[in-house]
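You will see two complexes here that share subunit A, one where it goes with subunit B and one where it goes with subunit C.
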Partner chain A sequence: MSDSTPQTSAPAGPIVAGLTPAQPESVPAHPVRARWVPLWFAVLWANGKARVGIVMLVGFVAVAVFAPVIEPHDPQSQSFDASLGVSGSNLLGTTAQGQDILSLLIRGTRTSLIVGLLGGVFSTLIAMLIGMVAGYLQGWVDEILSFFINLALVIPVLPLMVTIAAYSPVRGISLIIFIIAITGWAWGARLKRSQIITLRTRDYVTAARFAGDGAIRIIFREIMPNMTSLVVAGFMGSATAAIAAEAGLEFLGLGDPTTISWGTMLFWAEQGSAMLTGAWIWLLAPGIALALLITSLTLINFGVDALSNPHLRGD
Partner chain B sequence: MLLEVEHLSVDYAPKNGAAVHAVRDVSLSIAEGEFVGLLGESGSGKSTLGTAILRLTERPGKITTGSIRFDDRDITNANAGELRKIRWNEMSTVFQSSMNSLNPVATVEAQFRDVIEEHTALRGKAVHQRAAELLELVSIEESFLRFYPHELSGGMKQRVALAMALALDPRLVVLDEPTTGLDVVVARSILDNVRRLQRELGFAVLFISHDIGTVLESADRVLIMYAGQLVESQPANGMLRDPMHPYAKGMLGSYADPRNETIRITYIPGRPPSLLAPPIGCPFAPRCPEVIERCHTDAPEFLPLAGATVACHVARDQRTSGTATTTGFAGPVFVKTGASTASGDADVVLRVENVEKTYTTRRGMHQSTVAAVRDVSFALRRGQVTALVGQSGSGKTTLARMITGVERPDAGSIHFGQTAIHQLGRRGVRSYRRHVQMVFQDPFAALNPNRTVGYALSRPLRNYRRLSTSAAAAEAAALLQTVGLTPPEEYLGKYPHQLSGGQRQRVVVARALAPDPEMIIADEPVSMLDVSIRAEILELLDRLIRSRELTILYITHDLLSARMLADEVLVLQGGRLVESGPALQVIQAPTDAYTVTLLNAIPNPQARIAG
Partner chain C sequence: MAYFLRRLAFFVLTLWAAVTLNFLLPRLQPGDPARSILSRLGQNRSITPEQVKAIRLMLGIPNENLLLQYWHYLGSLAHGNFGLSYSNFPAPVSHLILQKLPWTLVLVGVTQIIAFVVGTVLGAFAAWRRNSRFDSVVSLTSTFIGTLPFFWIALLLLYVFSFVLGWLPNTGGYGGPPIQPGLNTLFLESAIYHSVLPAVAILITAPIGWIMGMRNTMVQTLGEDYIRLAWAKGLRSRRIALRYGARNAILPSVTGFAIALGAILGGQLLIEQIFNYPGLGNLMFQALSDRDYPLIQALFLFNTVCVLLANLLADVLYGVLDPRVRRGGSS
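== the complex of A and B ==
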């Protein structure tokens, strides 16, 4: 990302490049107003839904970063009585193991965000490499890569995830990120492939070929900056899927049950028959937290749409 | 008056950005049956004005002040229901993109039927009759009614769009660049149609264009727009004899008859002002060769003067105080004399012999072949410009692709020195491109919107000449100097969208020069530029050819620019070479009928007063 958006302080960032031809030629593509935030952020912020999403996400990030400060008790400690109700010292009660639910919830935010970030990054990277190379080179390279994309699309992901996780010799977050990355790239790859097919015939790509540039350089230095918004949207989608998949895998008991995350909370709540014992907060709290985090990312994606398509900017 | 626009202003005010004042305080009127041309370069606000008149302005655009009256009804704030009654019935339009507005899944007849049945009492056979009549108006046979849009050519679709605009006998037709992007010969036939129909049917026309030549040929009166304001309004004949505003003179000066022994075409350097903050004083002052002190401080008012209306201090002074009036444009001029043509005995750089190329397309059971290039032979000589002239589909681009090694000919040979281009492999093509570079048609598409000028120029320098980063930067600056972008330091860090069309094309030329090639293929390098700056790029190319001994293959449909630049002209029709020879000879004494057609397609407003 840092490489593809070097000019965010310039009047027009890469994302809005598609807008420029429609503007009168004499006018700078984007009015140079004294701007202390980059344009892409201004566009995101201008979208009401995205604004709500950003505020929510910032909240989650703050909770994750300052978890040790905010959490009222040590989430690992099992010093409380089991299955306490809501009280002054345990705002959301305790688990059957005697852990403070609020503290677990706060510490679990970290896991979800890290998995979302890394799972999203890795699956986006795989999608970019495979999709863009396939779309740009075409011919037999495309045939082979497209075969793998299609293969990955038709294989049911959840059973594959479960199988890989079940047979893996290691447990833990890194495994989950790995599984998410290798199972979640196919849609992104297909989208990027179709986008690059429309971009590869542009004159500036031909010009780069005439300038002697090689395929990889053309793909990543000439074409990719022009599809930043698509890459960002793909990343947001992958991150959302990664967060959900992480919770799902851990709920099924395929993660390391000793890590603190929303997924393992759900796992232990299920194991402890939380619903039956009336400890519904134990089950509900991580569920709502997950729903809210995923909602925030989805809302931000509305703004990302506006970045890639100026017509959606609602002005 | 059929249409009266008073003090109209239109702003584009995006949510996160400053407002662009695209149209500023414009007043105009169009009488019943009058043919009015509205001229301006890109960004002058002419299309914004046209869409505002049709009340089609879309957000973030907004009419801020002024009024539009159509047939004595104020439609400035008319609601959708009221507008629906007027649109198409009384006021219709053809845009540049109208041909794409045809519904791809309905036949031509069905689309006519929609319009006619919605607004008239005609039904059944009568509708078919009417549709056939309308097609006939635009010289298309009745049998085309059962065709789908994709089965028609671009020019035909545009003519269908024109026929549809006329379907309900409107009183005003707004034509916004109706032929831009179409082939010259086709464009000419559409304009001829419009003019004939307008005389026969008597509707009023507002013809918006950047091309003063075509407008002056057909319009009764011409309005010239600059930086969002009208600067001159005159009957067309008056405009031709005595253009008053220096900008009008400059635009007129960009035309000449290519058959003349010596041709002078002027160009207007610089670019229009930003409309974010409209300038104080005359907006044209920074580019005006006749500028006086007062122009920088006082904005001239748009007032009647000697049978015209003009906004210019200089023109007013000259005509009221009796000082001598200047007639021509006093700015830079590119002169081509009959003698300045290079002789034909220089070394041959590239030899094309008996080249053929056929494309086969398969569609369902049918297999069709198109012979794109048929038995073409010619040679390009060092330091000479050869123009390859022809309309679209004549095989120009296919030839260029074969010469640059993008495609291989089916038969025949292409030799660059000792290298056989028609047999080059992947690696060979790469090293060949060090010697052969390309200048693209569309300067807006040829530069990556996300890369600076410095980056674009550094790539060929690093790839072909193996320069270090710092050496490449220095060389890039030198190249910018060569193409007249000074001071170069200012341009290296700029992005394409910060440059005007002409500046972009200079960068594209600079990039083509970077590997120090022997040959350049220039594919319509000026056709996307404003007429007022075309000569500027032609002059630059001309200078480069003379100083660097470049060999250029100049691909164009425009014989005037071919005449300005080329030593030799090759005329291509349907993949076959129909005529070739020294430029002046081919243009003055064409032997092939097709060359004559191409010559006639060049707008020649001067003929209007001469004849």
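== the complex of A and C ==
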């Protein structure tokens, strides 16, 4: 309890300074953001672990963007002999369907990054909307929204995911992103709700209220910029969870098995009895790729922690 | 008292919401749900009249209005009637669930208890010796293993210990025909032998949450004023660590543990599927591939109710352990 004050006040510092001038609604949003973004990134970059993570993530993004250029073969093509070992033409061998493993791995980066990005964005948006409205308005709106937050927290996620996927008429990446978004927002909503409760009594909020601003404007234009670090941290957490969940759901066969992703690679490796044929690279490679991507996000998260908790800065 | 009543009210409300969600899920799809389920079942094989009957039983009479369907649905739940399985037609789904329950209960229950104890002790010790070599080894290892996809670890274990080395069985919960399930040594030996790999797969990742949680709370607890007072009073460090620090820091973990125990009953879907272990998780996976909707729904409901009960238990326990929650408002 006692340490919540330094956590919230420090990131708020520069913003409050920008917002305090007499009529908050007359202050354009741009200078606030322009001052915020460099600081946001500077704190991340100053953290050694986060820097390594950012470099790794940039590498993954580059691989995903330039996938068609980098990949040695067409990942869809099944023209090779099945289950080849390592060779000059197929650096990581081929699958039981005669696809080049390295090309699959490179193309699969796209799926993981897209799911991580969109799954993270959507669940963060839901979390923001519900958590912040609940925390700001309080009263019966809060009672109802908090009930939904607590409900979503206690309903077991994986069985819910499976049940929704079982009924869905379509299978594929968009379904997986949808499932991740509607099952993964509750923690973020709870954290944002509790932070906005500590922020809503600040002077600049009172000032905005006296200036006649509506609740939605106060929540999203006045308070939200002061919660950027929490929002970023929440997004990073959701994106990491989304990437892991995508792989798990695809592995269970809940996705579209023709999509190229690390999860479907593992699905096919198990279906194609990679273990019996000793095609260990087929099994190993997607897992290592996943682990590296999640490691890069975890490393960046160390920096995000420093962003939301100034006590951690400077190591 | 007000605290316990509030928690009880929350339990009743969430229970009602979960039951309603379970009712709505199949009906949220566009069109006549029964017809779309039938067309999806018909894609792979012909539909038997029994399946049509089971679907009608689950979804009610098609022309009935939604409120009446809901009323009948609540009625059959109250009678403990969860529907009939499509894939094993006349079998009630509750029967199938009870059959698989002991497997999951033992495997996941035992591993979760071990994981909780080991994780909490390691976390507390890491926090007590903060920034020591022990702390950094524990924290780094947990972070590293935490980044690995846990089902992939299970796949690798299966590959190495079962397929390459051939030390342990790769599938099932017990051995072949001479062995009869029941309380005989042959069966128990075989069951334990078959559960080693899935148990290890769970135990590699499961303690991480408890380690991190306990370490973080305990670091915070050890910074409190009453700890400083305890040092100033000259209490022995062992007493401060256990009675003052760990005892308070363990509170959030207790709630988490109760919920984890409730979630056991859902089984470890991925782990059970990988090792083809005959528990509830595997049952859900089977139901999913057979599109056995009543079974999927019953499993979802069963699971949710268990977690809700565990949650209620955790709240009550928390209120008993920590008088502050009872007196103060909600968190």
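We take it that the second predicted complex is superposed on the first by the 277 of 315 C-alpha atoms of A that agree within 3 Å, B and C clash if a C-alpha of one lies under 4 Å from a C-alpha of the other, contacts with A are read in each partner's own complex, and residues count from 1 in each chain.
Going forward, a contact is a pair of C-beta atoms (placed from the backbone, for glycine too) under 8 Å apart; a residue touches a chain by one contact, two chains touch by 3 or more.
Quick caveat: nothing in here was measured; it's all calculated off a predicted structure.
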item: Touched partner set for A:Ala291, first subunit B, second subunit C, both or neither; value: second
item: First (subunit B), second (subunit C), both or neither touched by A:Asp100; value: neither
item: Subunit B versus subunit C as contact partner of A:Gly212, first or second or both or neither; value: first
item: Touched partner set for A:Glu246, first subunit B, second subunit C, both or neither; value: neither
item: First, second, both or neither for A:Glu270, with subunit B first and subunit C second; value: second
item: Shared subunit A surface residues [contacts with subunit B and with subunit C]; value: none
item: Subunit C - residues contacting subunit A, complex; value: 10, 13-14, 17-18, 21, 25-26, 28-30, 36, 40, 143-144, 146-149, 151-152, 155-156, 158-159, 162-164, 170, 220, 259, 263, 266, 269-270, 273-274, 284-285, 288-289, 291, 293, 296-297, 299-300, 303-304, 307-308, 311, 331
item: Contact footprint of subunit C on subunit A as seen in their complex; value: 3, 147, 150-151, 154-156, 158-160, 162-169, 194, 244, 247-248, 251-254, 266, 269-270, 275-276, 278, 280, 283-284, 286-287, 290-291, 294-295, 298
item: Residue ranges of subunit A touching subunit B (in the complex, touch as defined); value: 4, 7, 10-12, 14, 17, 20-21, 24-33, 39, 42-43, 46, 202-204, 206-213, 221-222, 225-226, 313-315
item: Subunit A-facing residues of subunit B, complex; value: 13-20, 22, 42-45, 59-60, 227, 271-276, 404, 430, 433-434, 437-438, 440-442, 444-451, 456, 459-460, 463-464, 495-498, 500-501, 508, 511-512, 514-515
